[in-house]
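Consider the two complexes below, in which subunit A is the common component and subunit B and subunit C are the respective partners.
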Partner chain A sequence: MKDNRNQPFNQQYELKNAPPSAELENTPDGGEEYSLNDDRRVKVLSPGAMVAKRFFRNRIAVLGLVILSFMFLFSFVGGLIMPYAEDQLFYRTEYQNKEYAGVVKNDELRFETADGQSFDSAAQAYTVLALQQNKDSFEFLGVEYKIVTEGEDLYRITDAAGTTLGIAFKDVVASSVEGQNISFDLRLSALKASANGDASFTVDGVSYELDENGVLTSGGDEIAFISRYVVNPIMSDVFLSRDFKEQLIVSLEEGHDAFKFTDADGTESEYKINYRADVKTWSVMKATETRTYDTYASPNRKHWLGTDRNGMDMLTRLMYGGRVSLLIGFIVELIASVLGMIMGGVAGYFGKWVDNLIMRIVDIFYCIPSLPIIIILGAAMDALSVPPKLRMIYLMLILGFLGWPSMARLIRGQILSLREQEFMVATEAGGINVSRRIFKHLVPNVIPQMIVSVSMGIGSTIITEATLSFLGLGVKFPFASWGNIINDVNNTYVLTNFWFIWIPAGLLILLTVLAFNLIGDGLRDAFDPKMKR
Partner chain B sequence: MYKYIIKRIFYAVIILFFVMLIIYTIMRCLPTSYIESIAHSKSMQPNSKSFEEWMEQLTATYNMDKGIIAGYFVWLGQFFSLNFGDSWFFTVPVIDKFRDTIWLSFAMGAAAMFLELIIAIPLGIIAATKQYSRTDYTISIIALAGISLPTFFLASLLKLIFSVKLGWFDLFGLTGRNFAQLSAWGQFLDKAHHLVLPILTITIISIGSLMRYTRTNMLEVLNADYIRTARAKGVSERKVVYRHAFRNTLIPLVTIVGGSLPGLFSGALITETLYSIPGIGYTSYQAMVSGDIPFSMFYLTFISIMTLLGTLISDILYAVVDPRVRLS
Partner chain C sequence: MTTEYNTTAGVPAAGKSEDILVVNNLKKYFPIKGGIFGRQVGTVKAVDDVSFRIKRGTTMGLVGESGCGKSTVGRTILRLNDKTAGEVLFDGVDIFALSREKLRRMRPKLQIIFQDPYSSLSPRLPIREIIGEGVREHGIVPNAELDDYLSDIMKKCGLQEFHKDRYPHEFSGGQRQRICIARALAMNPEFILCDEPVSALDVSIQAQIINLLNDLQNQFGLTYLFISHDLSVVEHISDTVGVMYLGSLVEYAETTKIFDKPLHPYTQALFSAIPVPDPNYKMNRIVLEGSIPSPANPPSGCKFHTRCQNCMEVCKYVSPEWIEVENGHFCACHLHNNAEQNAAAQETMEKAKADGKK
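Now for the complex of A and B:
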């Protein structure tokens, strides 16, 4: 296996398969046959082309290449094509029925005391009693009260001298203007007009008009609304307009259980009416729109892979996550292989005590438990709350710095054996200077091994990064990485119910790492055909 | 031979010295505010000492008042007089916690290793003897997929299939709900039942590399001259493979397996964490993320020693097992 590596810069010849039937192909146009030892019978391939040819003949390696190309397109081009940004949040609107108003049909007498008079609740109770017995006067605590019927369900209570003490009524005068008080006199007059069917009346020199719907106006301005129903908002800061009440009451009387109403701002809402027999009230529910983060949405046309726990598009996150994961893999391996090449090269070329020293350093690094160290550093960075971007850079540096020893060992071994080969002796004999010998003759011969090792190294770096991010110690939000996307599976509910959160990311990691390993294998076989027996 | 072994041990001790120095330096160089914040959070706990007292204790424990080198030697002295300090997170002496957890991890590791060996070696040999056949490709791809599977993804998949869908196992933990009511034998079975998925996870993850290693070695041996000689003599293929070749394949296998024996004590950090199995891995994970410096330092040193021991064993085994290796 070493013979081949010795002379990769010699041109390699491959005899064209020339079975007798193919003989004709080897003849030039003139029909004249080449002699057997004619150079033109031989197709010349450069070493690179030979490697490529062997590589592409390996179907599994090509499969790896295809998967990897897909991953690169997916993460680097996909992110550009997707209409969504990496950390774009999505919302959904939810309809919730909230209690909006309560409606009571007023079947009991209500009382109002005239200004400056006393008409307490005991007297009110006697009034009810007297009315039930159809009496027009009663006595209470030695005081005589008279009841004057002003209209249907409207009574005025006076004392013996005829002074109005209060009124008893069933229809309710509800103010149409927020914060406006309706005076006793106005109420009495309005109720009287309503009971008697009068269209207008005057109180304190102001004239009021009353239409058949019970709307009380003065000079065109709406003042109040008379109705048998009492409508109260549930929330104290809500003012119910007269239009709303009117429409509500119409719906109530017609027995609908839902209606639509457009308020003054022009927003239409839907209301539901429930009659609660136990308390004899209608409760009105308003369907309110609430905007929430669209979390854990199942795959749909807008989000092909659904959304994650923050309401971000899963597919987009996967694309950006792929960028981060692949980039970290490449940068870490770049750091590791540059360091490894320098240290291994120096050790291998100079040998003796330099080699001994560097190899002992490599031994020491080999011994350091890298995953626990990274976990500790990650936890320390958590405690110091390092910003996510800086953290990502630290992560790459740490992983790269812990990764160089294996590369150094590989390169040193290669260079040690290459150094003793005849072609190196030849370069020395030929008087080529040291740097040229190293970089022109030694390094290129090491590169195939390096590429194989880097290819596999990227795969394992991606797994390490994903594992760290999965544990919450690697790449942090808002950056996506395949590992921290799966992180959510720690939540058992997600594990059980939302496959689309973690299965795609896991498959992407699996496929990418597999592809790197397949390519590494294929390249090794291609660089070193004797390995493939 | 003995000279070689003694030399190797001497090297190992020197390496350990430097590894411990690096571990100590890393712990020392964690920004001081980290220690302060730990002291702060410690002092915030109810009935705790004051912040100054904690700072004083931490400084004294880690010899922060001395220089790195001097502090290191003091720590080294404490370590080798088996004084490992008290764990902050578990509030027991480090060595007690270690004793409680180590055997569980070892049992898990040993079971997984056993499964690995009985599955990977035969498959590797089959793949090598039938090189380029469909069997070979299938085995190779499965081995590679095992290597490429991230542990957490595999564990989640296994949990989804076996715990959620089939309901055969619990999702987390080492003991079931009615563990306390079981007899001793029942308790053992309960624990074993809870260890099935973790062991399966470790096995699947690590089976690939052993399988590939076996295959590569077997291929190398099958191409050796003595195999050709055996074939030329007319020895049956079966005998060639399982007598002549297999014995020689065992040489590198024995060294690699022997070398990984100490690793069984290191625990499977990720797997144990995923399944909340209270072995040494999960315990030290908890200690590490909560900034429990005494336990973390102990664990790091322990792992380093195990790694060194592994290399040492495999190097010595290599020299012992393979008669062709002659040491000067």
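Now for the complex of A and C:
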């Protein structure tokens, strides 16, 4: 019916008269001849694959991705590899010199009264006097005493009848066994043997041996130790073994000022000897082990980045802190973007009063000064002593709830412009149902902007969390976060002396936020279809 | 492999009226909001009292200047906009009386092809989804046959099977427009609104698309409302032509009649602007003075009187009636009034003048 018209006046007329199959450039007419620029030779890329391709061509963005991957490995895998727990405390042993024993060289005569005899101190004084005058007898209160020299610095005092009243001596017989007394007879015999250099003697039918070091044994059992030195412990509950005394005296005589001694339990300790001339006493100091928290330890083989003020391993804390910081970043952004998506989507899609209402709510949220609110809430949680774990969850909720308006605004703007696009009119004309229109046509077109905004947002959330934790309002001990690690630096002393406390944590925050921003920029460029590279 | 899906759309079923689409006194006014409280301070009369009917299996062309309301008419017919007044009957069913769900079920029968093939395809869906989602949504073919059906439709529209997994950004403008056509065609429509489908394409591609539309019409018996400001295209494709000026239809007739003998001064001016590919041809351009008036504040009387070369006194006061000058040739102009109508118009003018002077 239209073919009858015969008014050719433009180029289309020529074209329309050509056979239809020749006009349709892609009509498959059975021929399988494909030209060089055939579509089938070109690899088909979905929009997602194109974005990935463009993203991976952006070197700086890939650098961001590498940094971020490292951060994830460091935080989530590192914590598993590290042998230490998040809040494991470390101790260090310190040695303190404590006064342990006192040593006096006995230069005065000591007296011992024989069993059942009387030999009082006045008589003892006369004995000293008589010895100084080289007399071998003296009279005191009408009683005659005789002094029998038994050896060097060993005297036996008898009465006129020759009964032994007591002995005067300078060498000390110290019992080797704790709590055991040495009888008068044994003491006398031992001192005699020591003075005369006898190797053995018998008292009350028991035979004793004495070696050149002054060790008195009986049938192999140590009984006592004879020495000119008197060794007394400073602490009354400490018993000084014969071995210790022997070694101490040997060191003294050889003029050493320190020696090592392994006690019966097998612990070796170091002892120092000081001679105090004013009281003519050697004081023995023992280096005692004390366990303290290993705070602010410099980096070493055990703690690669040292320890913090609580004595926890810094590297481990950084790993666990990374977990918390990244997790908070992600969860907060997740909450914010889900809320923002719903609110912005509803506002943009339905428009009219719904849009008006939601946007006014957004405006109100923008008016809320978020930092004071968070500070107040933090203080309130302090006052209510909320458990640290719960506190962390609250923090995420609060930050997420304060963060959605900007996302909502972004999404709304996008939806508003998309809604008027012709492909949305086409879905309306095609009778496509509402949910499919929203989730298949609108959402995929909003996702790019959302991803960019979220990846940038995570960075700033990490910063916010660090700030709050630094102020002591965010993540609390025992949980670590990069922010509260830096919180340790609250004075110049720590700042200047313990670089390993704050530099690594600061660096991690810096790198992570930088990485998120680089990725965000890279994604924005990649999602921009106008960027052809 | 290629199953023929014969549509029954082209065969007028018994009992169905000959006119597939009837538009009666359609009006669409857009409010102008202003002031602090967003009060309505005026209306843009985008479509002001338009009536026409389209016969099954034919094409009606709708022409006019930019901004004269052609697209708004189209979109209002499909109820993509709300109407202000009037009625639209599709197969005797009032489109605006349908519930949302019934309208949604009705949608496949009325399809649309857009002017801009770039913004009318969802950028993140593969072609398979773009064309097939409506088919699946409305269960036009069983799911098992969907793939073959799509291949078939795409071939008919000059696309190839392997294009299915591609995304819109991989196609040229002409190919995209074919995709749009395939999307509309896949719904098994009876009526397609072609909203300037070729104006964004270059001339050689325009011809391809026009021929494709023609072929498809012959094959499926489709009905088109073809909106365009390109008169030669309209002349080529249309059976009847309506000419719009400032929201109203000024002339309507069969294509041959209206091109042979345009009655309305606006139509005459419009058609005189059709270029002729002959350098020696002396064109008798009727040059219209001024620009199209604002539809928010249209002139009184005949809307065209401000630019009309044949303007009479009566035109300034009385808007002309829609009269059938010849058989099937409608026009709204005082030049073609009969005596009775002229008398009535004069009377109205006198009254208006008298009112105006007070």
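Keep this in mind: the second predicted complex is superposed on the first by the 356 of 533 C-alpha atoms of A that agree within 3 Å, B and C clash if a C-alpha of one lies under 4 Å from a C-alpha of the other, contacts with A are read in each partner's own complex, and residues count from 1 in each chain.
Keep in mind that, in the parts below, a residue touches a chain if its C-beta (ideal position, glycine included) is under 8 Å from a C-beta of that chain, and two chains touch if they have at least 3 such contacts.
Source: prediction; values computed, not measured.
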Contacts of A:His441 with subunit B and subunit C, given as first, second, both or neither | second
Who does A:Ser46 touch here: subunit B (first), subunit C (second), both, or neither?
-> second
Applying the touch criterion given at the start, work out whether A:Pro478 contacts subunit B, subunit C, both or neither, answering first, second, both or neither.
-> neither
Which partner does A:Ala426 contact after superposing on A: first (subunit B), second (subunit C), both, neither?
-> second
Residues of subunit C touching subunit A in the complex | 75, 78, 80, 103-108, 110-112, 114-116, 119-126, 129, 133-134, 137-138, 155, 158-163, 165-167, 169-170, 174-175, 180, 183, 187, 203-204, 206-208, 210-212, 214-215, 232-233, 235-237, 239, 255-256, 259, 274-277
Contact residues on subunit B for subunit A in the complex?
-> 11, 14-16, 18-19, 22-23, 26, 30-31, 33-34, 37-38, 131, 137, 140-141, 144-145, 147-153, 156-157, 159-160, 164, 171, 219, 223, 266, 269-270, 273, 284-285, 288-291, 296, 299-300, 303-304, 307-308, 311
Complex interface listing, subunit A residues touching subunit B = 60, 360, 363-364, 366-369, 371-373, 375-380, 382-384, 459, 463, 466-467, 470-471, 473, 483, 486, 489, 492, 495-496, 499, 502, 506, 509-510, 513-514, 517-518, 521, 533
In the complex, go through subunit A and note every residue touching subunit C.
-> 1-2, 5, 7, 9-13, 15-16, 20, 23-28, 39-40, 42, 44-47, 421-423, 425-433, 436, 440-441, 444-445, 529
